[in-house]
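Next come two complexes built around chain A: one with chain B, the other with chain C.
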Partner chain A sequence: MAEKNLGAEPRATVSLREGESRPTLLRRRRARPDRHSRKRVAFMHYGYYDVAFQYFTEHVLDADYVRMPAPTRRTLEIGSEHSNDYVCAPFKHILGDYVEALEAGANVLVQFTGYCRLTYYGELQEMILRDMGYDDFEMLNFSFVSGRPFKDYVAYCKKVVNPNLSVAAGVANMLVLLRMVKHLDAYNDYYLANAGFEVEPRSFERAREAFFEDMRCCSTMADVDQAFRRGMDALRALPTSKPERPVRVGIVGESFTAADPASNLEIERKLLSMRVELARTLNITNFILRYSEENARRSAAPYVTYDMGPTSSLTISAAKRYIEEGFDGVVHVKSSGCTPEIDCMPPLQRLARDYRAPILFLTYDSQTSDTGLDTRLEAFYDMLAMRKERTI
Partner chain B sequence: MPSARRVRRALAAAAAPAPFADARVIGLPRALMAYRLGAKWRAFFEELGREVRVSEPSDRGVFERGQALSVDECCLASKLFLGHVDALAGEVDAVFVPSLSGSDALHTYCTKFQALPDLVRSAFALAGREVRVLDALLAEGGAEKDERASYVELAARLGATRREGERAWRAACRAQRDRDASLARAQAELVAASSRLPRAERPLAILVAAHPYVAHDPFVAGPVTDALRAAGATVLFADEFDHARATRRSHDFSATLPWIVNRELVGAVLELHDAVDGIVLVSAFPCGPDSMTDDAIALCVKGRPVLTLTVDAQSGTAGVETRVESFVDILTYQRRGGYLNG
Partner chain C sequence: MTRSTGAPERAFLGVDTGSISTKGVVTDARGTILARSYLWTEGAPTDAARRVVDELAAQLDRERYEVVAVGTTGSARRLVGAMLGAQVVKNEITAHAVGTTFLHPDVRTILEIGGQDSKIICVEGGVAVDYAMNTLCAAGTGSFLSSQAHRLGVEVEEFGDIAATSEHPANIAARCTVFAESDLVHKLQVGYEKRDVIAGLCRAVATNYLNNVAKGKRVEAPVVFQGGVSKNSGVVRAFEDELGMEVLVDADGHLMGAFGAALLAADAPESQRRPFAWDVDDFEFRTREVVCGRCANHCEVVCVYRDDELIDSWGNRCDRGAVRPRARA
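Right after this comes the complex of A and B.
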C-alpha cells in the first residue's frame, strides 16, 4: 500500500486561516439543564458504608449528601429516649442518627427495607420524628416500594428527592456503586484477617482511613477500581508479624449490630488488638449481592431445614463453615430482642456441641459501657489461646 | 425379576415419600397460631382420618417445661409453645409444628413462626429428648393456589393422594371460615345489643387488642380479661372480628406494616374504635411485632384511652389487676362527666 502511494497526489491538505479562532463545535442554544437537586439527603450510620451512601446520593440520586460525624453517646440516648423499651437496638441507633442529621440540616432521610421489623422501621421512625416536632423533612422509605417493579423505585426517588433525576446516568452509576461495595467488603476482609498483626500500631487503621477518603472521591468505574488497587497495595505493603498459627475467630450475627462498630462497641477493634485473625462473612456483598438463601440453607444442613428469618441461614451456615475450616471460635453478635437471631441460637448451640467448638453469644442493648464486653472477650480469647496451645 | 421389582418399589417410595403415613394421632400444641388457625388444622387432619389431640390450656407447669427448653431471650408465647410440644411429645405419634411463610416482605408473620420446626428440633436435641415433629411449610395468607399446594404436600407426607389432600384442605378452610364467622357474629351481636341499651345502663366496653395466642391464653392474658370482667366491663376482642374487613381497614393506618396478624388487630381497633370506651393492648414480653405496632397505635389512635400491658411470666397477677382496675375506674368516672361530677 505504502509503495503504491509513493509519489501520488496528497489526499488532503491542511492550511491555516487568518483571523480569530472559531470553536470546532457549534454552541448549544440552551445550556443543558442542571439536574442536581438541592435536597440534603442523610443516611443512618452503618459501618463503613457511608462511603457508598455518599456515592448513591451524589451520583445516583444526584442530590446533596449530609456527611455526619461518628455517632456519640448522645446519639444513642436520643434514640432510646424516644423508642419503645423492647424494640431492637438498631432502631434506637438509627433514630438517634436521624435526629442528629435533621439537626444538621438534612431534609431527606433514607430507610431500607428487609424481612423482619426493619420493614416497619421507616414508617414508625417518621411518625416518632414528626411527633417530636420535626416536620420539615421527607422520608425515602424503600418499604413503600418493596417488591414492586424497578420503575416504581425510580418514580419514588424522583418524587421524594430529585424530579430531574437522569435514569440512564443513575443506572450506570448504580453499577459503579455495586462494584464499590464489593471493593469495600473485599478490603475489609483483608483488613480483618491481617490488622491484628500490624507491627506499627494503628498503621492499618490509618491506611484504611486513607482508603475510604480515596474511595469517597471516586466517580467512575475506573476510579473505583484504581482506588481499590491503590488501597490494597498500601495495605499489603504494611509490615505484619503473623504467627504460624494465629487464633482465628469468625463473627456471625444480626446484619446491623454485627457490622456496625458503633452498635457492637467496636468488637472487631477489640479482638484485633488481641492479635486475632478475624473473618466476617456478613456484609452487603455476601448478604445481598451474592446471596442465595437456598444455598446457604443447604450448607447449614442438618441444623436448618426452613428459612428461619432474614439472616438466619447465613448466620448458621457461616458459623458451620468457620468451624469446619478450623477457626478457633465463633462470636455471635445480635441486638437484644432480635427474634430471628434468637431463634438461631438453639441450632448454633447444637452446632457447638456436635463439633465441640466454642461459640460466644453476645447480646447488645442500648448500653454505652463496654467494660463487661472487654472482660468477656478477654476470657474468651484466653480460653481459645489455651485450647490452641494444647492442640497440634 | 425380584431385583427389578425392588428397584421399582424403591423408586416409587422416593417419588412419593410418606414418612408420616403411620402417624395415627397428631398432636396440636395449644399455643401460637393454633389459636388463630387451630380449627383449620384440626379439620384438615380429621378429614385425613387422623385423631387430633390438642394439648391442655397453658399453666405454670407448661411454662416451666417450655422455659427449660428455650433460650432465655425468647418471648413468653414461644416458651409456652415449647412447653406444649413437650407435653404432647410422649403422648402422640407426631407433633404438628408448621413453618408459616408470608407471600412477600409486606405480608409476613413474625419470623418466629417460620423458625418453629427447626427451633423445636434443636431445642429437643439439646435437651436430649425425643420428639417426632410433623413439619410443613404452609403458604398461609399467600395466593390460594400456593396455600392449597402446601396443604396437599403435607397431606402427601401423611400418605394421602392429591385428591384427598385437596378435599381435606377445602374442609379445613370451611371449618376455619365457620369458626371465624361465628366468633365475629357473636361479637357483633354483643356490640349491637350493648348499643341498644340506654346510655346510662350500658356496661363499659373494653377492647382487648392482642395476638390471639395472647388474648385467649389463660396463662398470658387470662388475668387481664378476668380483672376486666370482675370490674364489670364487657370485654371485646380485636381478633374476633371479620379478618378481611379489618385487613382492608388497616391500610388507612399504615402502608408498610408487614405482619398479617397485626394488620387484622389494628384494623379491628379502628373499626371498633367508636363502639368501645377504652382499649387495652396486651403483649407477651418481648414481642417483636408488638414492640413497634403498640407504639404506632399509641401515636395514631386518638380519642379513646389506651392501656398498654406487657405480660411476662415472672410477675404475679396483683400488678396487672391494680392497673386494670384503675383503668376501669378512670373510664367510669369519665363517663359520668369527669371526677368532679362523679
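Right after this comes the complex of A and C.
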C-alpha cells in the first residue's frame, strides 16, 4: 500500500493561515423552503369578517392579503353600473368591491357559494370584470368545488393561489379561523345587545375597532382566545345605562344584506342610536358552523314544512324565537328581488298575525339615500315604544 | 278651567310638509283645532311653510292664544323644523297615528294615501301595533291620480262625482303606473265612457292599495281613511265595496299629520317650551348643499341658514362631515 502511494499527491494537506482564528462552522439544518405565495388575495366586504378573511389568506392560503378601506358610495356606483339592473343588491356591492380591489393591486378574488343565485355570481362577475378590461387576475370561486371532497378544495387553492401550500399548517390554522369567527360573532352579539345604552357616545364603537385590530394581529389559537377575552373585558367595563325594559328588536333576513352594514345602510347603528337592544341570529357561526337546517325548520313549525332555500328556515325560526322570547318587534331585511326571502314573507306575516307582533319589512336596492329608511325605522321605534309603555 | 285675565292660553302649532301639499294647524291644550291651513307645496317647502304660518296667524286670535311649542312632520320635517325652531320633529307615520287615535279612540285601521306615499296603520287599544308603507314606487297615490286626471281633461276634485255616475266601471290594472296608463289609454281608444274609466281608476287605486300596501295585514273596522286621496269620494266608495265595511273620512282627515304633530308638540317636556314668535317672514331661509370631501362617500351635507346664520345641517354619514351651528345665545 505504501509503495502504491509513493510519489502520488498527498491525500490531504493542512495549511496554517496567518491572522485571527475563525469559529468552526457546523452544518446547519437545511433552510425551510419559503412556502409563501406572493399572490395578492382580496375578498368582498362582508360585515366585520374582514378580520377572518385576512387570517384565512395569511395563515391558511399563506398569501398576501389586500386590505380594502371601507366601501363608499363610489364602490356601489361602479358595481351598479356594470351589473344587470335586476340582479340583487349584494351582486352590485361585491362587484364594486372587486373593481376597487383590482385597482388596489389584487390578483386573486375570492367568491363563495350558496344555495341561491350566489352560486353563479363568481363566474358572472369574473366575466364582467374581464369584459371591463381587467385581465391580470384569477378567481378563487368556491362554487367550482362545492360539494366535492376536501382534497379538491386543497387542489383548487393550490392551483389558484399557492402551489406550495402546507396542508398540515392550513388545516391547523383553519381550526383557529373557525374559533376566531365564533369569537367575532359572540362579541357582536354582546355589542348589539348593549351598545344602544352606552353612556359615552361612540365608546362601544371605539372598543370594537380596537378589538378588531387586536384580533387582526392574532396567529395562534391562544392569541385568538386571549384577544377575545381582552375585547370582552373591555366591552363589559364600559358604562351603560340600560333601562329595565328596553325596546328589543330582532333582525332577520337575507344573509348578505342583513349582516353587512354597507348594504343595509347601517340599520344596526341607526337602531342602536334609538336606544334599542338588538339581536341578530344570522351570522356565520349560526348559519354555517352550527347550522342544522332540519332543526331550524322544526323549530319554525308549523310555519315551514319544506326547505325553501338558503336562509329561509333560519329567518323564520329566528323571527319566531324572538317573538316567543318577548322581543317587541322584528325587522326583516332583504335585497330587492331576493326570491328565497320573498318566499319568507307570507309565513312571517302569518307569524305576526298569530302572535300580534309587528314585523317591519325592508327591501334594499342600490339606493344611497336613507331618508325613507329613517322614516320607517323611526316610526317602527315610536310604535314599539308607545306600545310598550301601554302594556305593563 | 277658568282663564286668568291677561295671561294667554297655550296653543300648539303643527306643520306637515308633504311632497304635494303643506298642512298646518294650531290646537289648544285640549286638542281643539283653532286654525287650519292647507296649500300646495309647489316644490318649495320653506316657502310653503312660511305661507302656512301666515295663514294660521291670520286665523288665530293671537291676543288670546300663545303658541308655546311647534311640531313638524312630513318629508320636509327636518328642514321646516329647523326653520320654525320646532321642539318635535316626527315622522308622518307616528304623527298620523297619534292624530287619528286622538280623534277616533276606537279606530282599528288607518288607511292613508298621500301624494307620494301610502301607508296602513293597524291600531289596537289606541296604540299603533303594526304599519306598512309603500316601497319603491308611487303607483296608486295622489300624484298618479292627478296626472291621470290631467290626461282625461278633468279636475281631480271632480273624480268622485263623475265616478258615482258610472254603472260599469272599467277594469284597469293599477299595479304599475306605466301599465295603468297604457291600459287607460287603451280603454279610452276602444270606446269606454270616460266616467267608466274614471270609476275604474278609483277602483284600481283601492285594489292596488289593498293588494300591495295592506298585503298580509288584517283590515278591521272601524276604518279611517285619510290623506289627500280620501277627499276623492270615488276611491272611498271603492274601498267600502272592496272591504265590505264602512270607511270613515274625517272632515279634517287631510290635516291629520299636522294635527298629530301639534299633539306631539303639546306632549314635549315643559322645559323646551318657548313662545313662537310668528316672525318667519322677517328672516330669509336659505339652504346650501355642501359636498363633503373628507372621504369617497362624498356626502351631500345640507346646511340651513337663517339670514346668514347657520341653524342646522344634516346629510353627513359620519362625524367627519359634521357641520355644527354655533350654540344659541
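Methods note: the second predicted complex is superposed on the first by the 363 of 392 C-alpha atoms of A that agree within 3 Å, B and C clash if a C-alpha of one lies under 4 Å from a C-alpha of the other, contacts with A are read in each partner's own complex, and residues count from 1 in each chain.
One rule holds for everything that comes next: contacts are C-beta pairs under 8 Å (C-beta built on N, C-alpha and C of every residue); 3 or more make two chains touch, one makes a residue touch a chain.
Bear in mind the structure is a predicted one, so any value in this text is a computation, not a measurement.
In the superposition on chain A, A:349 makes contact with both chain B and chain C.
In the superposition on chain A, contact of A:178 is made with neither chain B nor chain C. Of the two partner chains, chain C is the only one that A:376 touches; chain B does not reach it. Contact with chain C, but none with chain B, is seen for A:358 once the two complexes are overlaid on the shared chain. Of the two partners chain B and chain C, more residues of chain A are touched by B. Contacts of A:238 after superposition: neither chain B nor chain C is touched. Once the two complexes are overlaid on the shared chain, A:131 sits against chain B while remaining clear of chain C. In the superposition on chain A, A:143 makes contact with chain B only, while chain C stays out of contact range. By the document's definition of touching, neither partner reaches A:221: not chain B, not chain C. In the superposed pair of complexes, A:305 makes contact with chain B only, with no contact to chain C.
Overlap of the chain B and chain C interfaces on chain A: residues 336, 345-346, 349-350, 353, 363.
Those residues of chain C that touch chain A in the shared complex are 75, 90-94, 97, 124-133, 135-136, 215-218, 295-298, 317. For chain B in complex with chain A, the touching residues are 71, 73-75, 99, 101, 104-106, 108, 110-112, 114-115, 117-119, 121-123, 125-126, 135, 137, 254-258, 285-286, 288-289, 291-296, 299-300, 310.
Across the complex, chain A meets chain C through its residues 72-75, 266, 336, 345-346, 349-350, 352-353, 356, 358-359, 361, 363, 365, 371, 374-376, 378-380, 382-383, 386-387, 390. Chain A meets chain B in the complex at residues 83-84, 86-88, 91, 113-117, 119-120, 122-124, 127-128, 131, 141, 143-144, 146-147, 303-310, 312, 336-340, 342-343, 345-347, 349-350, 353, 363.
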